[in-house]
Structure formats: C-alpha cells, structure tokens
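Structures for review follow.
The following pair of complexes shares a single chain, subunit A, combined with subunit B in the former and subunit C in the latter.
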Partner chain A sequence: MIGEEDYDHLYKLVLVGDATVGKTHILSRYIKGTLPKAPTATIGVEFATRTVSLDAGCAVKAQIWDTAGQERYRAITSAHYRRAVGALLVYDITKPATFKSCQRWMEELRSNAEPDIVIMLVGNKVDLAEKNPGDRQVDFDAAADFASQQGLLFEEASAVTGANIKLCFDKLLKEIYNTTQHRRDREDDPTNNFQLQGRSSQTECAC
Partner chain B sequence: MASERTVSRAIFRLPWDDCGMGDSEKVHTAQEEEASTAEFARQCARTWPDLLCRGKPQEVAGITETVAVNEADAHTIKVDVLRTRGAHPAFSAPEMRERLQELLTEFCIAEGVRYMQGLHEVAAVFAYIEAAGGGFHSGKPQCPTTLECFQMFTQNFMPCFCDGEGFVILHITLLFFRQLLLYHLPHLHNQLEEAGVAPVVYATPWFITLFAYKTPLQVLLRLWHRYIRRGDPTFVPFLAVAVMELEKQAFLDAEEDDLNFAVDRTTITSVEKLQDVWTAAESLHAKTPKSFSFRMSRIIAQVREQLRKKGSGHPWADSVLARAEQERRLVVLAREVLAQFVRASDPALLDSVQAVPSGQLPSLRLLLLDVRPRAAYEAEHLPHALHFHPPSLQRLAQVSAGMNRPRAERLAAALSNAITEVGGLVGARKEAPEVKAADSSSDIGETAALGAEVFQELQAAASEAWGEGWISESESAHLAVLGGEADWDSSQLCKTDGGGVVAALFEALTGQVSLPRVSVVLGGAAALQREAEKRGVKLESSSAGSPWKSESAGYPGNVRGMLSGAFKSLRQRAQQAQQGIAQQIQPKSPDAT
Partner chain C sequence: ELENSEPSRGRSCSSLDKFSARPNLQRHSCTGAFRAEEMSICRVKRCLSSPLPADDQLEEASHLLANSRFNEAAVVIARDVSRVFPSNSRVHDVRIEIAEILRAYAREDPDLGYTQGMCFAAAVVAVGDGNLEGKQQRFSQLMEKLRDLWMPGFPLVEQGIPIVESMLASKDPELMHHLYQTIKMDLGMVIPSAWLSVFGKWLPLDVLQDLVPFLQKEGLAGFVIVTFLMLLAHRSKLLVARSLDEILPFINSFSKEAVPDQLLSVCQVSVTQLRSRSDSDGMSWVSVVG
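And then the complex of A and B:
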C-alpha cells in the first residue's frame, strides 16, 4: 500500500443504501480486511480513507463517507453527498425492498452530489445465496439491467467473504479517474475543481 | 432490589452528590470498570426517577393510532439490538437483547412514533440500569417504570427526539450550536466552515443520541446523571462546544482534507475527559449571555408545541426554519443589555430588569456598540454606548449587500440542501439561493480591505472608550452591536441589504477578524427603547455635533448622573413590575438546578 499522504487525487466517495444492507461491513472489509468487531448502526456518518494506485500509475486517495441508511435520516444524509464524485449504492440481494429503494437513492445522489457522479451498484450478501440459493430474492440479471439502463457500474459482492469488495472500489475509482481525466482533457483546465486538492508532493501523474 | 436504607439515602443525599458521582475514581481492569459501571447504574436506578419527574409532569403523548411498529421498523429494531454496544459484555446476553427490543417496540407504540436509529443507543442505557439496579426505584409511592423513565428522558431532555419527521428541532439546535461555536471559538468555527465541515455532519449524533453514540457506558452514565441533575436541555450545545474546545488544537492542526475525520472522531472517551468537558461547558455557560439559553429554550418549546398541534409537514415548519437560518448571529435580548447596563451603574436595581428566565444573570462585561447613523444615536441612546458609524463601515455594508454574502450564503445553501428533502418542507427551500460559483474577486478583496479598515477604526475608538485591553481574552468583554431601523425588519430579522450595517459589521468582526464574543442586540434600538421605557430607564440624548469619540469619556459618572434622579421612582416601579416580569419571563424552561 502507498503512504497515506502520497497521492495525486483525492476522491470523495459515499456509501449509500437502505439500513442493514451491510454498508459498514463493506467499508470495514475494504479498509481493514476484516469485519467490524462490534458492529454498530451508523448514526450520521463515518469516515475512512484508503490510498490506492491505479493501473494508470496514479495514486488516488479515496475519502469514504459511510452514511446512515434509515429512511428517516435522508433529510440529513443528503447533506453528506456534496462534492462526492463517486458512490457505492448497496442493496441486499436477499431483500427486494432494498433493491427497489435504489432508484430513490440514485436520484438523491444525482441531485445532491456532483452532477456526473459515478455510481457503482453493489448487490451485497451473495454469501447467503451461495449457502442457500433460495435466499436470493434479487436476480443478478434484473440488477444488471437496471444498472445498464441507469448508467451505473454493477457488481455483486459479499462483505462477509470479501468477494468482489476490492474489485468494486477499484472499478469505481478507475471510472472516476477516467471521467475526471476526460473532463480535464476536455476542459484543459488545471484548476478544475473536480480534482479535490491533490496535495503532498504535487507530482504530476505519470499517466 | 434496593434496600430501604439505600432508598432513603437517595431521598436525602448521596455520598457522591458532592464529589462528582465518583468521577475521580480510577478503575484499572475491565472487570473493575464493569463493576464500577454497574454500581453507578444502581445509583442511577435509585435517583433518576425522581430527577426525571422533577418539575415537569410527564407530557401526555398525542392521540396515537399506532398499535404495532411496521415491518420495516421491526426489522431495523431487531438488527440494531444485535449491534448495540457489542463490545460491552452485558449486551451480548440474550435476555438483555430481548428486553432492549421490547423497550424500543413499546416506546414507539407508546409515543406513536416510527423507530429511528439511534434510539437503541438511548434505550440501551435504560435497559442496562434496569438490569443492574433490578428496576428503577423511587422514594415516592408511585415509581415510574423503565419505559416511563425512558419516555420522560426523551421528552424532557432530548428535544431532538420529539422532532416529528422533519428534524426541525435538530436543525434549530445545530444552528444554536453553531452560533455558540462562533461566539466562543471563531477561529475554529471559521476554519471548519472554510473546509466545508458542517455541524450537521459531525454534531448530529451528539444531539440525536445525546452523546450515547460512541461514548463508553461508564462515561455516558455519569454524563447523563450530571445533565439530568442540572436539568437544562439547553446545556447540550455548551457540552458540544466544550468537546470542540478541548480538541481545538488537533482540529486547527489537521489538514483540511482530514478535518471531517478529526472532528468525527471526537468523543468523550474517559471519565477524566468528561470532567474536563463538563468544567469547560460550565465555564462557557457562565461566559455566554443568558439570552442564548433563554431563546433556545423558548424557540424549541414553541416548535414542539406546533409539532404537537400541526405535525412537521405544515408550512409553519418552513417559516420557522427559514427564520432560524438567518440567525447566524448570536443575539442578546434588549432586556439583558439593559440589565447589564443597570448592573454597571446600580446593581441594586438589577431585579427590575432581570432578563433571565430563572437563576442568576451572569455578570458580563457587555460593551454596547451603537452603529446607527449619528442622528438616530444623538436622539436617544444608552449613556455608555459607543457610537460607531464611520464612512468605512457604511461602504463595507454597501459592498457586502451587493456581493452575495459568500460565507453566510454558503451556510444557508448547505443547510438548505439538508432541509430540502425534509418532508413537507420542500417548496420554498428549493428556491433557496445557490452558491454563486464565482463571486467577484474584486468585491471580496474590497470587502477584506474595508473590513480591516473598519476593524482598525473600531480598535482605536474602543480602546479610547473602554481601555486598551477591551478586546483581550483576559478582559472577557462581550461586544453587543446595536443597530437601528435599517437593520431590522418587522419580524425582527436582521436585514443584510436594507442599508443597515449590523450584518456587515458582524461578518467582518467574526468571519474576517475572528473576534470572539460578538453578538447583536435583537430588534436593535427600537427594542432597547421599548425595554427602557417599560423598565423606567431613561435614555440619553446628546447635542448635535459632539464627536462620538468623546461621548463615552465619562461613562460611569454619566450613568450615575443620568440615573440618580430616576432611581427612586424606578425602585417603586421595579417592585411593581417585578412580579409581572417574573411571570412573563419565567418560562416552562426547567432551568433551575
């Protein structure tokens, strides 16, 4: 892993989705490689960061905002989306209602975050369906269709086994990088505010 | 079961009453800590029922049609119970989990509310105390049940939990918190604001769970015990600012990108830290105009009343919030200004203008800055008020009014974003001004230069009138800005573009110079005149043409001279008025401790 302070771009990501779909578990798995020792319901927002290097040779620091999922909190959580350039929109493949909510979550993201926010749809808890196929209540294909219609990235994953978790973040970060890179090229504007204060050595990307 | 002996002990006085509930005790091992927490919980079980019932009868919840919680809520409760204080051994016991689930379900039914995450953290405390103490006990014949204690606590001490669906009270509480932070720690406030670190992000869990979220149980029990004993829900913002104050250096040192993380990590981690936080909060409380708590408690009481009557979807909520949004400035009530003024001249008269709802009016060195045009000042003013209306200030106000007030606007926009989605509150909020991407940088530069110029002039004038150290930390002076007709609209909102200078001066002093303890007199000179008339205090007029700098020269003598003739009749009027005033301003606030 790269040193925390050695990065070229800082991306703000938000983790959203209904309560109990496993957002905090996904974050913990990604950041620490383990599940939380004493899981708690997230009130307000929790933060974590991880710096990763992309294939392109750039180091990006992901600043991840893990938000409360309960519907009642939406009035507050929308304040957390400001300046977010990426989102993991999580549902539970064993709970159709959590998938149904994705439409609303997506709309909230698009209206409160950066307009061309990159969203990765994540169907969590595949481990349950692997153990007992009857538990699956949301078809892979249905979710994939929804994602492609809405222009979302999509993966199924399991925070419990760790399957696809890193992949979800990697794909999301890469896509954000491509989007913002494209934007940078297009606008040819070095002060483009999509690049949130890339700091440290201020080295130019090797890419 | 509590023995009779312990119960009677609780009625009179407990040994830990005077020693901070054993806060100083040192615990070493996890087992010892758990034993000490359980012992403390037993003490809470004996004392809380009476403390919670004190003063206020339990409010009767409105008519509720809920007979069961809905399926989604039931599921969330079930999952939340499993993840409540997972690190604490008591909460892994199946009977504790069962009880917690029952308590939460019963609470939602009894209160007729939907389950809200965070409530489980609050309920956990009551379930724990119940288990440790074998139930709650009271010296009175009818002891409330655990559920009733839990309900009374949320009703009387957790204003943000009686918030309906709209989070109106939470937003108002956050606004008051922000005012207080700006008042005492302007540097920190401004740094957080510039980094986009909003109170709604980091302070929401503090207010929604009353610090239950992430505070170790042994600390939380002691915190709540002190808080319940103190009996004043408006103390919570002081605790929150105290928490911030203790971590101030870490925040100021943090990189901008990491500031959100740094603030979010802030909690009261140990009993020792609790002591520090509490002491700091009390000190802040003593250094804050009483108007702050008074207004906060009054506004929250009004909002709760409206919520009960109309529900949060009613348009009134929108206007309350729109109004609250504009109250970025900590205001002092005219009657508190007058009371401090009388205190400085003849403390014996203080009772006649007591501004406080109850308890003691803190003695503040209140410096009154009269920023009205000279003619208005000369017609009538408080004798020791310093007149300040230089051309630079007028220019500053003009430029600020025209340039979109970036800082205030940004805050308003951030808040609007948060509020936009509130059920029933959409509409007007949607039209809230968006932050303009690029303010004219020349305007910003001009404002900064003008702000500096204004401050220099103020510094010179104030030093001459109030002494060189008027601004120093050790003097702890409070600067109250008094505006006039151009500053206040008919609904007592401070105008930012009506030709007044209050808003621009406040912004320059707090935002640009980060001057602490700056407030605005609510309603301005008109309110002060009304108060003075009501209390029989005569305002002074000065001959036209006298330079404002010299007017304040002899202020103590001036005050005495002005008042001496009026003292006799004032005393009589004061005595007559006192009872009436006391009734008028003694609110339902449980401020007395």
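And then the complex of A and C:
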C-alpha cells in the first residue's frame, strides 16, 4: 500500500449484493486485512478508501462505498451509484437466491452508475465449500458462464480466509484503468476530437 | 402474470384490500426461503388463474403472499439479531426476545414487515424491564410513531434530511459550508445509518435507553434535534477534516467518541425552544417541530 494522498487516479467503486453475502467482510479484509471486530448489518452506506499501485506504474485511489443489501434499501443506496466506475457484485456460493439476484443488481448498476461501469462478480464464502463441498449451491461454471455472457469479470473468494480478495480488487482496478485509459487515448486522438467534444472523464485525476 | 391479472371486479372490499397489498413478486428476493417462495408464487398463480377468482381464492392468495413476506422478514431478522450490539452482554442475554419482538411485529404489520435497522430499536426495548408480552406491546407503541422511518422509500428520512440541512445552514453556516462545499459531503451519506438504527450507530445502548423514548415522543423533530446537536458537539473535529476519507469514518464512528454532556436534556430543551419561536427565514423545520 502507498500513501493515501499520493495517487494519480481516483476511482469510485460500489459493493453491492444481497444482505449477508459478506460485502462488509470483503471490504474490511481488503482495507484492514482483518474481519470486522463487531460486525453489524450495514444500514444505508459505509465508506472506505485504499490507494494501490498498478502494474502500469500509476497509483490509484479506490473510494469504496459499501451498501446495505436488503432490497428496500435500494431507495437509499442507488443514489450512491452515481459516478461509480467499478462495482463488486457479491453473491454467496452457498445461497443460490443471492446468485439469482445478481441479474437485478447488474441492471440496477447499469441504470444508475456510469454507463460503462466495470463489474466484478464475486462468489464469496468459498471457504464453506472447501470445508464441506455439499455446502456449495452455485456452480463455479454456471457463475463463470453468467459473467462471460454479461461481460463481467469473475472470481470466487473468501473474506474469512482472505483468498482472492486482493485479487478481486486488483483485477477490477486494472480493468477500470484500462477502460478509462483507452477512452483517454481516444479522446486525445485528434481525429476523434470532433465526435468526443464535450465528453468528460469519468475519473477524477489527481496528477 | 400476476401484475396483469384483473382479479377484483365485483368482489368484496376486504379481499380486494388484501390483494392490493401484495408485494412486487418480480422484485422479491429472499435467501433461504427462496424455494418455498417460488412454490407459493405457483400456488398464488393457480388461485388467480380464473379471470374472476372467487373470494376464497383471493383470500388464499392474500394469505400465501402474507406468509411469503413474513418468511422473508423472518430470515433477515434471524441474521440481524445475532449482529445487533454484538459485544454487549445485556443484549446477548435477550437476543431471543429481540427476535420474538421483531417476528411478532412483522406479523402484526405485514406492510412494513422488517427493515434492517429495526433490530436496534427492538434491542433497546428488549433490554428494558418486563416480560416478553409487555416488551412486544412497547415495541408496537414505539412503531406507531416511528414506522415511517423504515417504510419502503424511508419517508421520514427523506423528509428529515432537508430539514437538518436547512437547520445547519441557518444555525451553523460555517460547518454547513465546510461539509457541503469544502468536503463535498452531504448528510444523505450519514443520516440514514444514524436514524435507521435509532442512533445505535452513533451512541451506546445505555444512552439509547433514555433517548429512544424521547424520539418516540417527538418523532421527526427528535431525530432532527439529536442529529443537529451531535454534529455541533463534534464540530471542531468535523471542521478540521479535509476530505470525505477523513470525515465519513469519523462520523460513522461517533459511537467511539465521548457522549455529549447532557445530550438528552439539551435535546429536550432545544425541541421546546424550537416550538416556542419561529425562525427569521421561516424555514420548514420550524413547522415540523411545531
């Protein structure tokens, strides 16, 4: 991790998914390296940041909004999707209903966040299936197929063991960087200036 | 199919009222009870397959839907009760009662059922004196005044945020400017968490035991005043924060800060004062607290 104020790009991310899939645990594992000491249900939204360096040589600050999962909270949480360029869409691999909800979460994200938001589908609680294979209720392949069809990144992870948590964020941030860099390149291309006039960058650059 | 059906012409009011209170099935998602829910939906569809279902079919459909909603609430209640005030031993001793209180209320008020955050209010009631029946009654009385906090769309929160903004802009323009202009924070980022936990995210349980009856008595005005005074109590630290990164974690961890002196007494006096005078710019919060 690098200095919190020493970054080139600021990316707003949102953590979404049904209640109790482990969004807050994932965030705590990523930010603090531990699980929450006194975990309570997220009411409304909570917020954390982490600055990391990417392979491309630049530093990005992830501003992460953790949201309440209960459906009726969308009235509050969806307002916070605005200007989000990335999302972790989390389901619980032991609860198929949480996977089934991903379609609706995705639509919600695509209609409220930035139009080309990068979404990482995360199957959490893989530790439970490792302990007891019978607990797995969502096949890896089914989720991978869904992600592929919908153009999502995909990983399985465990906030409890920490498996793949950093990888999920790293892949997401790298993909956001590539997407925004590609757009910046196009915007910088004088042959595209005419069409792209007036478009603003989705990320806030601090360089 | 359900959304487009035309079940009600010429049927009794009671059946129709129950039917019209149905949840949006297509948006309904519930872990755990999912398979049971799908079966219920099939049964409801069968009940309503006729263009003009009979009263008993409508009754059955209504009953099935109410059960489905209760099942959804019961699943979320079970998960939340184990997480409310997780390290508090007094709460730990009454977790079963908290669950009973919330389940009973979800049956009593199916339109609300259970919204996450209500477990904080139930915990405050459950650690009080009396038997389970008495606590259930007290919780129902509390909800008579506060249910709009947690109803779909969160009407009390939606109504309250502009009032707090208006009050802060009038009474402490420096803090308001700092939050909204310098830091680009808005109170919608922090008030839902505070209010929907009846300030359980900001204050310790022993303070809430005195504060919740005040909130029950004063309703929206009470929430506005407590929020305003909490912001004022911490204003020096709020004013030195330079970014969202600093200020949001600080506000969300108010519970780790010292409780403002005489918070309840000051809240009571402030509500009384607000009721006794109107503000020079005629702001809407005066009419709300009045």
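In this section, the second predicted complex is superposed on the first by the 188 of 207 C-alpha atoms of A that agree within 3 Å, B and C clash if a C-alpha of one lies under 4 Å from a C-alpha of the other, contacts with A are read in each partner's own complex, and residues count from 1 in each chain.
One rule holds for everything that comes next: a residue touches a chain if its C-beta (ideal position, glycine included) is under 8 Å from a C-beta of that chain, and two chains touch if they have at least 3 such contacts.
Remember, predicted model here, so these are calculated numbers, not experimental data.
Chemist: Given the superposition on subunit A, are subunit B and subunit C in a clash or a fit?
Modeler: Once both complexes are aligned on subunit A, subunit B and subunit C clash.
Chemist: Let me test your reading of the model: by the given contact rule, A:Lys32 touches which partner, first (subunit B), second (subunit C), both or neither?
Modeler: So A:Lys32 meets neither subunit B nor subunit C here.
Chemist: For A:Ala68 in the superposed arrangement: first (subunit B), second (subunit C), both or neither?
Modeler: both
Chemist: Using the superposition on chain A described above, determine whether A:Ser78 touches subunit B (first), subunit C (second), both, or neither.
Modeler: first
Chemist: First (subunit B), second (subunit C), both or neither: which does A:Leu10 touch?
Modeler: In the superposition, A:Leu10 contacts subunit B only.
Chemist: Quick one: is A:His182 in contact with subunit B, with subunit C, with both, or with neither? Answer first, second, both or neither.
Modeler: neither
Chemist: Go through the superposed model and pick first if A:Asn112 touches only subunit B, second if only subunit C, both, or neither.
Modeler: A:Asn112 contacts subunit B only, not subunit C.
Chemist: With the two structures laid over each other on chain A, which partner does A:Asp92 touch: subunit B (first), subunit C (second), both, or neither?
Modeler: A:Asp92: touches subunit C, not subunit B.
Chemist: For A:Lys100 in the superposed arrangement: first (subunit B), second (subunit C), both or neither?
Modeler: Touch status of A:Lys100: second partner only.
Chemist: Pick out the shared contact residues on subunit A: the ones touching subunit B in one complex and subunit C in the other.
Modeler: 19-20, 37-47, 49, 63, 68, 70, 72-73, 75-76, 79-80, 97
Chemist: Of all residues in subunit C, which touch subunit A in the complex?
Modeler: Answer in residue numbers: 27-32, 34, 76, 79-80, 83-87, 115-117, 119, 152-154, 157, 188-193, 196-197, 201, 244-245, 248-249, 252.
Chemist: Note which residues of subunit A are touching subunit C in the complex, please.
Modeler: Touching subunit C: residues 4, 18-20, 37-49, 63, 68, 70-73, 75-76, 79-80, 92, 95-98, 100-101, 104 of subunit A.
Chemist: For subunit B, which residues count as touching subunit A in their complex?
Modeler: 72, 75-76, 79-80, 82-87, 114, 116-118, 120-121, 165-167, 170, 196, 198, 200-202, 204-205, 208-209, 213, 255-258, 260-261, 264, 414, 417-423
Chemist: Hey, which residues of subunit A end up touching subunit B in the complex?
Modeler: 10, 19-20, 37-47, 49, 61, 63, 68, 70, 72-76, 78-80, 82-83, 97, 108, 112, 196-197, 199
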